[in-house]
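A quick write-up on the structure given underneath.
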Amino acid sequence: MYVKRNYSLWMTVRWSKKSLINGLIYSALIVFLYEISPIPFSLPWQPISVIGVAVAFFLGFKNNSSYDRAWEARKIWGAIVNDSRTFATAILSLPGSEVVFSWKKEMIFRHLAWLVALKHALRKGKSWEHNLPVEKMVFTPAFKEEIKDGLNPEITKYLSPEEWEQIQTYSNFPTQLLKRQSLELEKIHESGALDSYKQVWLHQLISRFYDTQGMSERIKNFPFPRQYASTGLWITYIFCALIPLGLLDIFEQSPAMHYWLTVPFSGIIIWIFFLVDRIGDFSENPFEAGYNDVPISSITRVIEIDLLEMLDEKDIPEPYPVENGFLM
Amino acid sequence: MYVKRNYSLWMTVRWSKKSLINGLIYSALIVFLYEISPIPFSLPWQPISVIGVAVAFFLGFKNNSSYDRAWEARKIWGAIVNDSRTFATAILSLPGSEVVFSWKKEMIFRHLAWLVALKHALRKGKSWEHNLPVEKMVFTPAFKEEIKDGLNPEITKYLSPEEWEQIQTYSNFPTQLLKRQSLELEKIHESGALDSYKQVWLHQLISRFYDTQGMSERIKNFPFPRQYASTGLWITYIFCALIPLGLLDIFEQSPAMHYWLTVPFSGIIIWIFFLVDRIGDFSENPFEAGYNDVPISSITRVIEIDLLEMLDEKDIPEPYPVENGFLM
Amino acid sequence: MYVKRNYSLWMTVRWSKKSLINGLIYSALIVFLYEISPIPFSLPWQPISVIGVAVAFFLGFKNNSSYDRAWEARKIWGAIVNDSRTFATAILSLPGSEVVFSWKKEMIFRHLAWLVALKHALRKGKSWEHNLPVEKMVFTPAFKEEIKDGLNPEITKYLSPEEWEQIQTYSNFPTQLLKRQSLELEKIHESGALDSYKQVWLHQLISRFYDTQGMSERIKNFPFPRQYASTGLWITYIFCALIPLGLLDIFEQSPAMHYWLTVPFSGIIIWIFFLVDRIGDFSENPFEAGYNDVPISSITRVIEIDLLEMLDEKDIPEPYPVENGFLM
Amino acid sequence: MYVKRNYSLWMTVRWSKKSLINGLIYSALIVFLYEISPIPFSLPWQPISVIGVAVAFFLGFKNNSSYDRAWEARKIWGAIVNDSRTFATAILSLPGSEVVFSWKKEMIFRHLAWLVALKHALRKGKSWEHNLPVEKMVFTPAFKEEIKDGLNPEITKYLSPEEWEQIQTYSNFPTQLLKRQSLELEKIHESGALDSYKQVWLHQLISRFYDTQGMSERIKNFPFPRQYASTGLWITYIFCALIPLGLLDIFEQSPAMHYWLTVPFSGIIIWIFFLVDRIGDFSENPFEAGYNDVPISSITRVIEIDLLEMLDEKDIPEPYPVENGFLM
Amino acid sequence: MYVKRNYSLWMTVRWSKKSLINGLIYSALIVFLYEISPIPFSLPWQPISVIGVAVAFFLGFKNNSSYDRAWEARKIWGAIVNDSRTFATAILSLPGSEVVFSWKKEMIFRHLAWLVALKHALRKGKSWEHNLPVEKMVFTPAFKEEIKDGLNPEITKYLSPEEWEQIQTYSNFPTQLLKRQSLELEKIHESGALDSYKQVWLHQLISRFYDTQGMSERIKNFPFPRQYASTGLWITYIFCALIPLGLLDIFEQSPAMHYWLTVPFSGIIIWIFFLVDRIGDFSENPFEAGYNDVPISSITRVIEIDLLEMLDEKDIPEPYPVENGFLM
């Protein structure tokens, strides 16, 4: 997530330079062909403009949906923050005073293990994502390290080696960690230190973690439907392919100008439409370990700080760093 | 669900070739009639373009609604994942230690039976769906097999023959399976191993399964209202019928060109509008056993794996295969 | 609810023939007046087209809202299905084994009485609805019978004559039926067969029925605000009144044509806009006993079948019939 | 709330006659100045039409938000209906049989006192509302009386004089009435007639009333943000100011006509845009004691009837009257 | 939040004068260059108008999202009002009569401490906010004082010096205050004056405060995605840069006029588009201590008054003042 006020125009252009350059080259080519060809193949602008409106609608719909996906992802991780605080508070205050502190700490640590396991699980690449190689994340070196190191160094801070080893025999680590939490609660219940009523409330909190985990996985595993994304892309291509042909027709009336004005003007229109498409495209998958991601690393860190402070731990980690304007 | 980054332009064209070809033929016909007829029946473009905007609005609304239906369907099945994990965890940890493991396993197996029964029930054809014959699902052979084999081989893995036989006497299998789950809980409650409080929480989980089942059935049984779909279709037809007439009027000013330019240009515009309509049309029914479905087979498999691993079963099935880019 | 794939073009035209014919007559009249009048009162098209865009926006908003109303109505009745199944399951499994089966059956029957009472209450006409006389429902004879017969034959299947008589002394039958359910639960609680905890859960289910009943009544009793509906209608009228005047101006340049082309072209545009308005108008009130209603009769039947099967009744009614493509 | 099918065109025009007349006068003035002035200050229409599209977007957004506010207000009051029925049913059936009926009646009466107190509180004027003087509500005489009489005659039907006097020492009557309900429940709990579990459920219902009360106050106290409303208004003004200038340019080509055609045509376009703006403006505040309000008086009456019938009271009030097509 | 009916046109212009002036200067410059340059670099208007439609779409999307953010923020703080009332009522009525009043008062005071701590935490500047220096808040002197004084004077009214000191050792004050509330409840529970069931209900209320706190932090910490905001800004810039070039082309046909008409007309169009962009921009961050904020200071005051009145305190603060039309 970018946290400065605005991307500069220069960054924006550089980021989408491919479509700008291709647009210019393509337009120049059309003008050149038009010049050398005996056939005046220009097209009237009016019908093109109707296509333009339809494309604008489609891109609007796509951007809206992408934004909704990102915003929902952020909401889900917001809920994880809230429920984590509630859960830790509940673990600290609801069981009877005969429950030892070390058990409470273990529960909260296992919760943090669930959290980091989920964070890393959400960043495995998908066939529809951009899958930028991690080496290219040059703007965010600390984040690059985190991705490279993987789950192991983070989870072993919170889980005993035996338990970590056992969890690794399963397919979905977070799911099985939550099951373990539930069995631990039953143990305390059987010992008499947690009545049935409080146990169910704690189980309902675990149910909420299953919910937020599953909702994150849903956004991760169900892309913006590819048929919509592809249609949007192809009609943008067709519309842009028609633009210089339409401009030729308009500029034709003042032949002196059209050699050099059709090309930049056409290039700019093409670039605007591809830019709008690309913005949606790059915001679609909020967990793809890219610069526009929902910042789940820093959210995780916020939860770690709050929960470790609740345990009055001494060794509180720093807030996640902002690197070159990016908070990941 | 297609899981590659984009449908190729070629696939897109092939999939909607009918409207492209028809559009071209129709336009050619109009041009031909215009040539041979003494009446200059072309139409001005400006009013057509207002119709175009209205049609673009309508299609935007239709696409939006279709997308919402698909996304809601995915959310419902995401909730089924979450609740299934919660339910299995609850069955394993909430009843007292005097409850035998075989009962717990039976409960979780009956839950999986409910799941596969629901999956198959959602795939029975509806009069407003596309009802592609299953033999034509050539891109996804494994899925084709699953549909052909039907519910029986899947449900008998999880249900005793007697129970399965009894369930078949009812109209709605999943509904009656959940009632059975509830009666089983009461049995354990009467034996004293599950207090009233935990029983109610488990009953609330069953209530959630009634909810998600009913919500799936709602999307299945209540189509995007046919009056909206039909209106969208007919006004698209009328708009497209007018397009070549309007282009004729524009191209008229340069008669040398209009024989061959009206036809492809008109064909492309017609194709774009029908493509946008068709995308919505094919995304409307997320459970019609077609390529753009919400992938409930693979979601079912994910649940099976998680729950069988919770039971520490040995025989864990493989994740559902991606076939030619499709995950069903 | 229409359940075939699409209304045919012919049905669509016939259903909205009034606006097509009026549009044609009006346009012909304008052309005629223009011919005989010495004043050339045509109007430029460009400003009309801006009005057209504004009207398209407004109709889009109206259609969207109508659709949302229908979809919400369907969701509410989906929730009634889910909660009914949950409630019946709860009645069958939660009370202690000392509770006699006849009481359980009575509770579930009274619930079905609530359901049919609600169904009929939702179909009383409102001053803003279309109020098509029931005799005109020629496509759905079975449904026509149901409406004519009214509540009595349906509710007496599920309620004793004494109770039915007593309920009729109140204004709102469903409300008082639910109160009765609640008092019955207290009776069982006082007898010791239902602990406080389960009683509250059952009361919460009754609370959900109050919710869904009240939500249905809200949609029934609060129309799409008439100020929006009227504004939409009047600006459509004004826009359509201007259309032939604008076309005259365009066709003027080729006088040979405008006698016969202005009229059909104008008629088609007028028809399209009125059709789009009319679709929204006829989908606005999802419980007006019309062809586009949410099919609450068949949903009611689904619940009856499921609940009677749960009671292992012998006399299970048939699913609701589809008549001429309509499921009511 | 208007409850007839449509406002007549005449009512609509009369209601917005100011903008129609002003639009005509302004257009006439421009035409007159254009005639007498040596400077041909007309403007090209094309750029004006782009502004028109932007204005149409903005008004669409404003109307949408206004509608959402009204609809949410209606939902909240729908929830008040549902929760009131649930609460009354709970008061009648959950406490043990040793609780006297007079206490139950007192609780339900105090609930009705909360309801009417909330109704009147929502109708105090706000600085951004239209604040039509109550004397001008000529179409709804019964409603006018209700507003004039104020809270006192309604609340004293349900509250003892002592309690009413005490409540008046606080700022927010409904809030303190609910606190009182909660203390009453504790009293019954301490007497042993309401176990802890049922008490909490009843307290949760009181929490719901705090929710719906607070949600009503939120809509009442937080207007559609004035920066959006004002921007919408000012850009509509600018757009409308430009309209006759643009029309002059178009009509210029046929000078014989433009004296008399620019004026009415321009007036109609101006009127349409102001009408669309005004509709949103007048639907923005659903509790401003105006004709387009959410009908909270009649909803209150519905609740009174249902609850008094549950108590088997003899003196049931009549449903709220529809006056001249308005239900308030 | 502005609470008068409309910002005056003058205020609106003054607030956005920068874009109006820049637009005029830029347009004048273009006209000047066009005059002195031998190259006729004007551009056709039609393609510019398609860009205009795309920009209008994008700004519509941006304004919509900004509004949704503000409205959600208001909803969250509405929920804080409701839950605070419920919580205070619960503290006063649910614990047994052996609990001393001073403990109840302490709990409610600590809740108010949480509230003011949250209010101040939400007003720390963010890198993407406008961060208007507090000295410039000349219209709202009382609010300026509040911001300058900071948290300390407000929180010490509700928290003992020792507790306040201890809370300051943590990163997130509100989080740790809620944990403290939960531990206090356990203390009362262990003393026997609050049964397990009521304790869990009170813990659920604390969970709701964690939710609303976290939701406020989510809106505060997750801006409207900067990639969308920047794209919107840059395409508005490009569109506006093209406007005078397009107008030149149109006015060219009547050269006598274009010196002085292109400039103001172009300036007005540029200003409208930047105004619409700016409105969204300034409504995006509802907690940035600016004039368009959600009025959390006055909401806090409302809660303080209600809760102190519930405690029958003598020293009730005044409602928050409206200063120059602003309620903060």
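A, B, C, D and E are the chain letters, set down in written order, and residue numbers restart from 1 in every chain.
Assume a residue touches a chain if its C-beta (ideal position, glycine included) is under 8 Å from a C-beta of that chain, and two chains touch if they have at least 3 such contacts.
Bear in mind the structure is a predicted one, so any value in this text is a computation, not a measurement.
Counting steps between touching chains, the shortest path from chain B to chain D takes 2. Taking only C-alpha atoms, you rotate chain B by 70 degrees to land it on chain C; that is to the nearest 5. Distance between chain A and chain C, defined via averaged C-alpha coordinates, is recorded as 40 Å.
With each centre defined as the average position of its C-alpha atoms, the distance from chain A to chain B rounds to 25 Å. Residues of chain E found to touch two or more other chains are 46, 49, 53, 57, 60, 197. Around the closed ring of chain contacts, the path that opens at chain C and continues to chain D reads C, D, E, A, B.
Considering their complex, residues 40-41, 43-44, 46-47, 49-51, 53-54, 57-58, 60-61, 65, 126-128, 170-172, 175-176, 178-179, 182-183, 185-186, 190, 196-197, 199-200, 203-204, 206-207, 210-211, 213-215, 217-218, 222-223, 225-231, 233-235, 237-238, 242 of chain B touch chain C. Of all the residues in chain B, the ones that touch chain A in their complex are 1-7, 9, 12, 45-46, 48-49, 52-53, 56-57, 59-60, 63-64, 67, 70, 74-75, 78-79, 81-83, 85-86, 88-90, 92-94, 96-97, 195, 197-198, 201, 243, 246-247, 250-251, 254, 256-257, 261, 265, 268-269, 272-273, 275-276, 279, 282-283, 292, 294-295, 305-306, 309-310, 316, 322.
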